[in-house]
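Just below sit the structures, each encoded as C-alpha cells.
Each of the next two complexes has chain A plus one more chain, namely chain B in the first and chain C in the second.
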Partner chain A sequence: MIKYLFAKEKDIPGGTAAIFFSFSAIMWFIIGTGIGSFNAAKLAFPDWFTHLYALQFGHMRQVHVHAVIFGWITGAFAASAMYVVPQLGNTKLWSEKLGVWNCFLWNVGLALGLSTLWFGMTSGREYSDFIWPIDIYIALVMVLPLFINIFMSIVTRRTQGIYTTNWFFAGSFFMLIIVFLVGNAPEFFHLTGLNEAYMTWWFAHNVLGLLITPVAAAITYYIVPKVTGNPLYSHRVGHLHFWSIVVFYSTPAAHHLMSSPLPEWLKSFASVEGVLILVPAVAYVCNILLTMQGKWAMFVENVEIKYTITGVLLAIPLNMQGGFQQTRAINWYVHGTGWIVAHAHLALLGFSTFAEAAAVYYGIQTIARRKLYSLSLANFHFWMLLIGFSLYWVSMTIAGLIQGAGKIYEVPYMDIVIAEHPYMIVRWLGGTMVFLGNFVWLYNMYMTVKAGDKLPVGLQPQDVAYVR
Partner chain B sequence: MGFREYRVGSILFGVALSGSMFVTVYMPGLDISGVSSTATALEKQLTYGKNSGFDYGDLFLHGTDKPIKVILKTDPVTGASIDDTAAYVFKPGTSFPSGLIHDHILGEKVQALSTSEGKVGQANQAAGGVFLVTSKVTNGVETPYIEFATATKGWGVDATLSAASETILAGAGKTMFVREGCWWCHTLLPEQTHDWQSFGRPPVLGDFNGESPTTFGSDRKAPDLLHVGSRNSSKEWMTLHFFNPRLVQPHSIMPRYDYLWGPKDKAGKAIDLAKWDEEFVAYRDGESVYPPDVPEYADDSEIRYLMDFVLNLK
Partner chain C sequence: MSKFLPLFDGLKLNSPLKTMSDDAGVENAKHIWENESLGGIAENNNPLPRPVVGLLLLTFITAMAWTFPLFGQRPSAAIYSDYIGIYKSDPVQRILNDTTLTSKEADERAMAMIEKALAEFPSKYEFQRTQHPITMSDLRIMEDKLIELQQTPGIDLEEYSIIGNEIVVANFEGNYKADGTREKKQPWWDKGYKTAIFWFLGFCLAVIITVKRLPPIDWKPDHSVAH
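Showing the complex of A and B:
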C-alpha cells in the first residue's frame, strides 16, 4: 500500500483502491464480529474474563457497533463503489491515488476513533458516540474524498445514461456528509435536552436510511443484472425506489423515540412516514426478484447471486418488522427489548451484510481477473453466516418477546434476566459462528488474488466454471 | 452531465432533501425549544453542569469541571438552622450549564423569573457561586426558577461548602455513567405504559432542558434507573452491587465495576483485585463460606461519584 500512496497516478493499476478497501472491510468485519461475539459472551457470562478493564462491555459495545458500521459496511460500500462506478461508466476511477489515500486515511481515522471510544472518550450519544473531532474527520477526510471520487467518476463516464446503482452511490455518499455535519450539531454547537436526544436519533436513523439501506440496494441493482445477464426488471420502479427513499426514509427519525416525551405531532408524523418506507421497500424487493425471472437456478449455483438474493429475501421480514414495530400499537411492546436488537442485526448482519459480501466476492474476482479460489469455502462461509445470523436473530427475537411480556405483566426484572439467559448463550454461539466463518472468507479471498485461475480475456467470473 | 433530466433531477433532489430537513430538523427544533423547564430540568442542569460527555473542560471524562451539590441544614452566612436545602456550588471557573449562559434554554417565564427574582444575570463563570432551585406562585400557577444565592443571600462558595451537611458529587457521577456505558443497559426513561408501576413516573417534555447528553437509552437489559434512589437508597447494598453484582444478586448479568475503586481504599490500603477474585471464586465454588470483604471506597474515588449519581436519582 505504501508503495501506491506515493506512486504516480498512471502507475497505479485500475482497481487498486477497490482491492484495498475490500480487504480492509473484511479485516474490520473480522474485528467487529470478534468484538461482537466477545460482548455477547460478556452478556451471557458476566464473570468471565474480568481482568482487562479496557474490555468492559460498556466500552466495547460502541466499539463493536462502529467497527461494523464504518469499518465493514461503509468500507465495503466504498470498495464496491470504486469498481462498480467505473465499470458502469465504461471508464476508470477518477483518481486511483485519491482512492488509495482515502483507504489509508479511512483506516487511520477509524482506528483512532475506535481507540478513543475504547478509552472511554465518548459523546454519550448512541450511534454518534464518536467525539466531535472524529466526526469532522469522518465527514471531511473519509467521506468527502470518497464522494468526490465517485461523483467525478460518474461525471467523466463514457456512457450516456446513469444507471440506477450510480444514483444511489452518488446520492447516498453526498447525504452521508450532510447527515454527519447536521446530525452532530448537538456536539458542535452544544445543543441540549430533547433537541440533543432527537438529533441523536435523526443522525442514527439517517445513517441507516440514507446510507446503509440505499447503498446495499444499489449493490444488488448491479450484481443481479450483471451476473444473471437479465436486464433490470424496471427502470421506472427503480425511480420510484430512489425518490421514495429520499422523501420517506429521511423523515421518520422520531420513530426511534416513541416512548420519550417528544411532541405528539412529531411521533405521529414519524409513525406515518415510517409506514410509507414500505413504498421503497416493496418497490425494491419486487424489482430485484422479478429481475431474477428464468435465472433462479443461479440462486443455488452462483455464489454472488446466492448472497445477494439471500440479502434481498431478508429485506422482506426486515421491512415488515420495521413498518409494524414503529406504530404505537406495537412499539410500546417491543421497544427497548431484544426484539429491536434482533431487528438491527436482521438489517445489518442479514440484509446489508449479505449484499456487501456479494459485492466484495464479485469485486475481487473482476479486479484481480481471477476466478474464485474455492466454491466449497465460499459455501462454507455462506452457511456459517446464515446459520450464525439465524441463531442470533431467532434467539434475540424470542428474548425480546419475553422481555415485552415481562414488561406488561410487571414481572420483577430479575426474573426476565433469568428467563433470557439461554437465549443470550445462543446469541453468543450464533455470533461466534459468523466470526469464525469470516476467517475462512479472508483466506478464500486472499487465495483468489494469489492463486485463483486467471480469467480469459473478455470473460467475467460468472462465465467460468468453479474449479474447487 | 449530459441530459437535461439530470439537472432537473439534481434540483429536485436538493428540494426534497431540504424539505425533509425543514420538517424533521427545523420544525421539531422550534417546537422543542419553546418548552418551559420544569424544576427537574433546573435541578439536573445545576447538578450535572455543562456537559457529561466529551468536552473541552473534561477531555478524558474524569468528571472534572463539575458543580457540587450540597445539602444545607444551616444558613452558611448566619449559621441559623433552616429546612433541608439543596444548593449547587460552582467553584470559580466551573463551566456553567446552558441555562445559565443562553437565554433560550429555560423557557420564557422561567428565564424571566430567574433574571428578575433569581438575579442569575449577576453570576459569572470566572467567579463561580452558589445556586438554588426555587419557585414562585403567581395566579395559582407555580413556576420554578434558578436563584443565584450568592447575590440574593450572600452565600459564598467556601462558606456553603463548609456548612454542608452532605456533599453529593452527582455531576462527576453522571460523567462516570456516560463513560462506563451504564446506559447501554439501564434506561433513564420509564415508558408511558406499565412502567409507571415498577419504575415510577415517566419524565415530561420540560424535564430535559439544558441536559447534555440526555443518555436515556434505547435498549433495556436491566431495570430503569430514573427513580432508583427512591426505591433503594442503601449505600451498603450499592457498594456490594457495584463491586460485583453477583454478591447480592447471583443471577445478575451486570459487569463488575470494582476497578472504579481506584488503587487505594478509604484507609489508604492498596486494593488487590486479583486476590479478591481468587477468594471470590473459592466462595462461588463453595470452597469457602463467606465472600471476601468489599473494600470501603475512598472519598475521591470514581465509584464515589457514580454512587452519588445513582442515589441522587430520586
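Showing the complex of A and C:
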C-alpha cells in the first residue's frame, strides 16, 4: 500500500483501492467477530476473564459494534462501490490514488477510534459512541473522500443512464455525511435529556436506513443481473424501492423511543412510516427474486449468487420484524430485550453481510482477473456463516422473548438470567462459528489473488468453471 | 424550466395511465435503454405484479390500523378527573372505611361504584377509559397530584399524561398563547395520522409521476442491441 500512496495516478492499476478495501474489510470482520465472540463468552460465562479493565464488556461491546459497522460493513461497501460504480458507468474510478489514501486513512482513523473506546473515552451514546473529534474525522476524512470519489466517478461516466445500484451508492454515502454531522449534534452542542436521546436514535436509525440497508440492496442489484446474465426484472420497481427508502426510512426515528415523553404525534407518525418500510422491502425482494427467473440453479452452483440470494431471503424476516416490532403493542414487549439484539444481527450479520461477502468474492476475482481459488472453502465459509448466524439469531430471539415475558410479568431479574443462560451459550457458539469461518475466507481470498487460475480475456468469473 | 425542474420537461397528460412523457421523450428513453450497456447489465420495463400492488395497499392500511393507539399510548390525566369527585363522595368513602370488608373487597366495591356512577353521565372520555382501566390503588397514587392540578387555574388536564407514579406534561405540541392556552391541540385519535396520510399521498404522487415518465409498460426493450 505504501508504494501506491506515493505513486502517480497513472501508475496505480485500476481496482487497487477496491482490493485494499476488500482485504481491510475482511480483516476488520475477523477482528470485529473475534471481539463479538469474546463478548458473547463473557455473557455466557460471566466469571470468565474479569481482571483487565479495558477488556470488560462495557468497553468491548462498543469496540465490537464499531469494528463491524465501520471496519467490515462500511469498508466492504467502499470496496464494492470502488469497482462497481466505474463498471456501471463504463469508466474508471475517478481517482485510484484518492481511493488508496482513503483506505489508509480509514484504517488509521478506525484504529484510533477503537483505541479511544478501549481506553474508556466515549460519548456513551449507543451506535455513536465515538467522541466528537473522531466523529468529525469519520465524516470528513473517511466518508467525504469516499463520497467525492464515487460521486465524481458517476459524474464522469461514459453512459447517459445511471443504473439503480449507483443511485443507492451516491445517495447513501452523501446521506451518511449528513447523518454523521447532524446525528452527533448532541456532542457538538452539548444537548442533553430528551433532545440527546432523540438525536442519538435518529442517528442510529439512519445509519441503518440510509446506509447499511440500501447499500446492501445496491450490491444485490448489481450482482444478480451481472452474474446470472438476466436483465433486472424492472427498472420502474427500482424507482419505487429507491424513493420509498428515501421517504419512509428516513423519517423521524421516534419509533425507537416509543416509551419516551416525545410528542405522541411524532411517535405515531414515525410508527406508521416504520410499518411502511415494507413498501421498499416488498418492491426490492420482488425485483431481485423475479430477476432470478430461469437461473435458480445458480443459487446452488454459484458462490456469489448463493450469498446474494441468501441475503435477499433474510431481508424478508428482517423487514417483517423491523416493520412491526416498533409498533406500540409489540414494542411494549420486546423493547430492551435480546430480541432487538437478534434483529440488529439479522440486519448486519444476515442480510447485509451476505450481500457484501458476495460483492467481495466477485470483486476480488474480477479485479485480480483470477478465478476463485477454492469452491470448497467458499462453501465451508458459507455454511459456517449461515449456521453460525442462524444459531445466533434464533437463540437471541428466544432469549428476547423470555426477557420480554420476564419484564411484563415482573419476574425477578436473576431468574431471567438463569432462564436465558442456555441461549447465551448457543449465541456464543454461533458467533464463534462466524469468527472461525472468516479465517477460511481470508485464506481463500488471499490464495485467489496469489494462485487462482487466470481468467481468459473477455470472460468473467461466472463464465469459468470452478477447479477446486 | 428544464434547468430547475427537469421532471416536467416534455410532460404530456393526455394519457397519464400509459405514459406522461411526450413522444420525443419516450423515443429518447427507448433509444438509450436499448443502445446502452451499463457495465453489461440490462433492465426490463416490467410493472409491479398486481398481487404485489395489492400487498402494498394492504401494507398502508395495516400501517395506519396497527399503529393506532388502542394500546400503549399513555392515558391523559383528564380521563380520570371525574373519578376524583366520586371517590371523595360519602358513599364511596363509607365503603372504603367499612371494617367488615377486607381492603381488597372494599377497593373493588368502591371502584365498581365509581364506574357505575360515571356510566350515568355521557363523557367524551368513555372509550379512553375502557382502554386504560385503573384500580383503586392507581387512583390513590394519582389523587393528590390530580387534585392539585384541578385546583390550579389555567391547567388543561388533557395535556397531562400519567407516567408511572407521575402526572406530567408529556405531549409537546403547539405554542402557548397569551391566555395560557395552546395554539393548537390534536385530538387523541389524530396523533400524527393526518401527517402520515399527507406524507404517503405526496410520496405516491411523486413516484407515480416518476415511473409514468418512462415508456409505457407494454414496451419490451430489445437487449440484443447493446449486449
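Just so it is clear, the second predicted complex is superposed on the first by the 467 of 468 C-alpha atoms of A that agree within 3 Å, B and C clash if a C-alpha of one lies under 4 Å from a C-alpha of the other, contacts with A are read in each partner's own complex, and residues count from 1 in each chain.
Just so it is clear, a residue touches a chain if its C-beta (ideal position, glycine included) is under 8 Å from a C-beta of that chain, and two chains touch if they have at least 3 such contacts.
Everything numeric here is computed off the predicted structure, so don't read it as measured data.
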Name the contact category of A:W243: first (chain B only), second (chain C only), both, or neither.
-> both
For A:M424, select first, second, both or neither according to whether it touches chain B, chain C, the two together, or no partner.
-> first
After superposition on the shared chain, which partner residues are touched by A:A197: those of chain B (first), chain C (second), both, or neither?
-> first
Which of the two partners, first being chain B and second being chain C, lies in contact with A:I408: first, second, both, or neither?
-> first
Touched partner set for A:G336, first chain B, second chain C, both or neither = first
On chain A, which partner's contacts cover more residues, chain B's or chain C's?
-> B
Of the partners chain B and chain C, which touch A:P263 in the superposed model: first, second, both, neither?
-> both
Thinking of the overlay built on chain A, is A:Y222 touched by chain B (first), by chain C (second), by both, or by neither?
-> second
Is A:G89 in contact with chain B, with chain C, with both, or with neither (first, second, both, neither)?
-> second
May I ask you to decide whether A:V155 touches chain B, chain C, both, or neither, giving the answer as first, second, both or neither?
-> first
Go through chain A and flag every residue that touches chain B in one model and chain C in the other.
-> 160-162, 243, 247, 251, 261, 263, 265-266, 269, 332
Spell out the residues on chain C that touch chain A in their complex, using ranges where they run on.
-> 32-33, 36-49, 52, 55-56, 59-60, 62-64, 66-67, 69-74, 161, 163, 168, 170-173, 186, 190-193, 195-196, 199-200, 203, 206-207, 210-211, 214, 217, 221, 223
Contact footprint of chain B on chain A as seen in their complex = 42-44, 46-47, 50-51, 53, 56-59, 61-62, 119-126, 131-132, 155, 160-162, 171, 175, 178, 182, 186-187, 190-200, 202, 243, 246-247, 250-251, 253-254, 256, 259-263, 265-266, 269, 332, 335-337, 340-341, 403, 407-410, 413-414, 417-418, 421, 424
Chain C contact footprint on chain A (complex, rising order) = 84, 87-90, 159-164, 222, 225-226, 231-240, 243-244, 247-248, 251, 258, 261, 263-276, 278-279, 282-283, 286, 290, 324, 327-329, 331-332, 460
Which of the residues in chain B come into contact with chain A in the complex?
-> 1-3, 6, 13, 16-17, 20-21, 23-25, 28-29, 31-33, 35, 41, 50-54, 59-61, 97-98, 105, 178-184, 187, 189, 191-195, 197-198, 202-205, 207-223, 244-246, 249, 251-256, 259, 274, 277, 284
